[in-house]
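Each of the next two complexes has subunit A plus one more chain, namely subunit B in the first and subunit C in the second.
What follows is the complex of A and B.
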């Protein structure tokens, strides 16, 4: 189990990580979701020991890690750009750690060959050992990078946007394989990504990193359905956030007054979150009874294959997104520039106290 | 410009360029095969290898004294070797330092570069005065050596800076994360990847030092280096034996280049072999 307590890392005057607490359980695939510049790579580099935190402690299996040099931490790192050794063959790349590491280096040639072959087997690269790393494709490089890390049997594997350099097709396949490989090895993976779909697909547990802290860490469906705070909701890229102030028992927002799911004192700043796929569209005045609603002007639609994303602009300029599934269309035919009523069930809305 | 004219124009330009580049060398090579009676000019009276034999002292005594270059050659080679080692090590170390922007890195950069910018004669003269003033004897292995390093070190530094710029630090981190110590990481990862660059820096340092003239002139002391020794013979009279010697040193330089090329090829071949389309894994 990896425990991070109060990790702070500053660059110049700004804190990339600000008193971050987080726990990575054993034998779990954890994805860490964060926008670019949110400090997610910094966090991995701190755990790996390439950088040291300004404050806080890193503990792995009861042993304090911070302050230890990276090569004594026994933590694997898979780089976004693969970082294969360009002067070595695939086989030599994979054998590198076993052969040259400070403790427990393997001298026996046959054991080395066996371990390397097993690692290449694991990532589906049997028979590629003799190739140069310049002679293989991007997906294969990623597998070599993985095999090279896994063969040394680290206590924890950190993956820094490992699929970022692959094309979409390959990414989907590597996703499945990464999960399968991890399940076989029973070691924890901490996978950093900026893509919410990747994070939700991969992680047994997904952690959202925002403002230098973990906004929420939860099982992926739980996180998707019940984000605990606006930061988590925003990172999922599936929730509309409407900020306002409570007045007279309702939330006064720039798009109008919306009923509150639970009562809050007048003057409290709060935000309502409604998921993209839980908003329906109707002609103004034709809102079904019992539904909360506000009006907005239809801007344009974005066709994404099985789903269509529709963009609405509220009177104050707020952008509202609505998802429609092709197999189960809910939306009427929309006309650009026309104003519609966007309505949703009161149970679908989440309420967050606090200013946006 | 019309490509119909462009191509022949460029071809002629390239031909003239090559002629000027290798012309002097070719003339030298031809004249080195002059016979004993011939002078250092055309026409060739009779083709012979007399001057080569003369160079090595295997001819019967002649009125032309043997070229006094043997000791100078050894000195120049040792000096160039010492300079190469010191400049490359210094250049590599300072380029490594410049990978992080340290305080005052800007001025330090220009101070290093200054060594190759300032006129050689002035530096040589200054060094001679300084060593006189400080009571240090001038010698090829002392005062001249220091100036050779000052001169070649910026070149090695610039070469290594370019190499480090392209060097991806994450491979070092990858090695560390595999449990390999920093020293082994340097030996097994950093150095092998950087070696072609180091080789280039060494080649630069060696060739620049080997035929350095102006800086050496005032600082070399009594025992001359090769370029000075050759220059010294000019003041007496020129015989084709100097051409023969020129041809031999040029061959030596080419050999160095070939060794460099082979080493480069050996160290870079594996990365460059594949350039085809990426297929799905």
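What follows is the complex of A and C.
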């Protein structure tokens, strides 16, 4: 189990990580979701030991890691750009850690060959050992980088946007394989990504990093359905947020008054979150009874294959998104520039106290 | 069938791809021409001439184009000249090693430990500062440094480390080695720095993450990846040191005779045929050294 307690890392005056607490359980695939510049790579580099925190402690299996040099931490790091050694063959790349590590280096040639072959089998590169790293494709380089890390049997594997350099087809396949490989090895993976779909697909657990802290860490369906705070909801790219102040038992927002799912005191700032796929569209005045609603102008639609994303602009300028599934269409034919009533079931809305 | 083939041939003859290829080829020739002409006129022809002249007949004050191997026989049978080859090779090896030993750590520091590109450039420029003065001044400046009443002897005597001035410092092989190492070191530093600076930082981090200590990373990653730089630097230094005469002339007190010094003195006394023999020998040695260096590392693969 990896525990991070109060990790702070400052660059100049700005804190990339600000008192971050986080736990990576054993034998779990954890995705770390964050926007670019949110400090997610910094967090990985702190765990691996390429940088040290300004404050806080990093504990792995009861042992303090911070202050130790990276080659004594026993943590695997898979780089986004793979960072393969260009002057060595695939086999020599994979053997590097076993052969040259400071403690527990393996001298026996036959054991080395066997373990390297086993690692290459694991990532599906059987027989590629003699190739030069310049002679293999991007997907194969990714696998070599993975094998090179896994063969040393690290206590935790960090993956820095491991699928970022692959094309879409390969990415989908590597997703499955990464999960399968991890399940065979029973070691925890901490996978950093900026893509919410990748984070939800990969992670048994997904952690959202925002403003230098973990906004929420939860099992992926749980996170998707019940984000605990606006920051988590925003990163999932699936929730519309409507900010306002409670007045007279309802939330007064720039788009109008919306009922509260639970009572709050007058004057409390709060935000209402409604998922993209839980908003329906109707002509103004034709809102079904029992539904909450507000009005917005239809801007344009984006056809994504099985789903269509429709963009609306509320009167205050807030962008509202609605997802429609092709197999189960809910939306009427929309006309650009026309105002519609966007309505949703009161149970679908989540309420967050606090200003936006 | 035949007509179809002909049609296609006609169609491709003036195709944009063929025209583009032709234009590219003409442009390549135009870029190449000045260099080729220059090399033929001022290198290939003179080289052939030197080989030719080395077989001319040498009399006291003149050479005649009557072919003979006399100059070659005299060169090969003279211990003075054979030992000059030995001295040249010995000084070359020592200076090469010295520039490597002094230069590599500097290159490692600038290329690996200095992260800021601007500072890297500034440090490299600083290495070239000695070149802002003339070659002769740089060499002669070693005299007040190394002489019997020079700075080093004075300091050592003031500190009480020695009572008699060290005489081997100046007008000896030692001073020639010191002078050459100082002058040619920068040609080693430059290419190695460029190679080391090209090593991706994440590669070194990856090696550390895999458990390797600093020295292992240096030996297994940095050193092999910087080898092309070492070879290019070694070729620069070798070519310049093997043809050297000025440093030896001004710092050795005529005690060190390099092939370069022999050529200078023979030309000075109008022994053209004999100077040509020494010139050919020197060229053969330099060619052999470069061939050897290129064998060690496949530069084509690394560039």
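What we mean here is this: the second predicted complex is superposed on the first by the 356 of 356 C-alpha atoms of A that agree within 3 Å, B and C clash if a C-alpha of one lies under 4 Å from a C-alpha of the other, contacts with A are read in each partner's own complex, and residues count from 1 in each chain.
Just so we're on the same page, a residue touches a chain if its C-beta (ideal position, glycine included) is under 8 Å from a C-beta of that chain, and two chains touch if they have at least 3 such contacts.
Given the structure is predicted, the values throughout are model-derived calculations rather than measurements.
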If subunit A is used to align the two complexes, do subunit B and subunit C fit next to each other or clash? clash
Go through the superposed model and pick first if A:152 touches only subunit B, second if only subunit C, both, or neither. both
Looking at the overlay, what does A:97 touch: subunit B (first), subunit C (second), both, or neither? both
Looking at A:71, would you say it contacts subunit B, subunit C, both, or neither? Reply first, second, both or neither. both
Is A:333 touching the first partner subunit B, the second partner subunit C, both, or neither of them? neither
Given the touch rule stated above, what does A:137 touch, subunit B (first), subunit C (second), both, or neither? first
Applying the touch criterion given at the start, work out whether A:89 contacts subunit B, subunit C, both or neither, answering first, second, both or neither. first
Dominant contact partner of subunit A by residue count, subunit C or subunit B: B
Have a look at where A:347 lands relative to subunit B and subunit C in the superposition and call it first, second, both or neither. neither
Dual-contact residues of subunit A, meaning touching subunit B and subunit C, are 48-50, 69-72, 74-77, 79, 81, 83-87, 96-97, 100-104, 148-149, 152
So in the complex, which bits of subunit A are touching subunit C? 48-50, 69-72, 74-77, 79, 81, 83-87, 96-97, 100-104, 148-149, 152
Under the definition above, what is the set of subunit B residues touching subunit A in their complex? 168, 170-171, 173-182, 184-185, 188-189, 192-193, 267, 270-274, 278-281
Contacting residues of subunit A [partner subunit B, same complex]: 48-50, 69-77, 79, 81, 83-89, 96-97, 100-104, 124, 132-140, 142-143, 145, 148-149, 152, 154, 169-170, 173
Where on subunit C does subunit A make contact in their complex? 200, 202-203, 205-213, 216, 220-221, 224-225
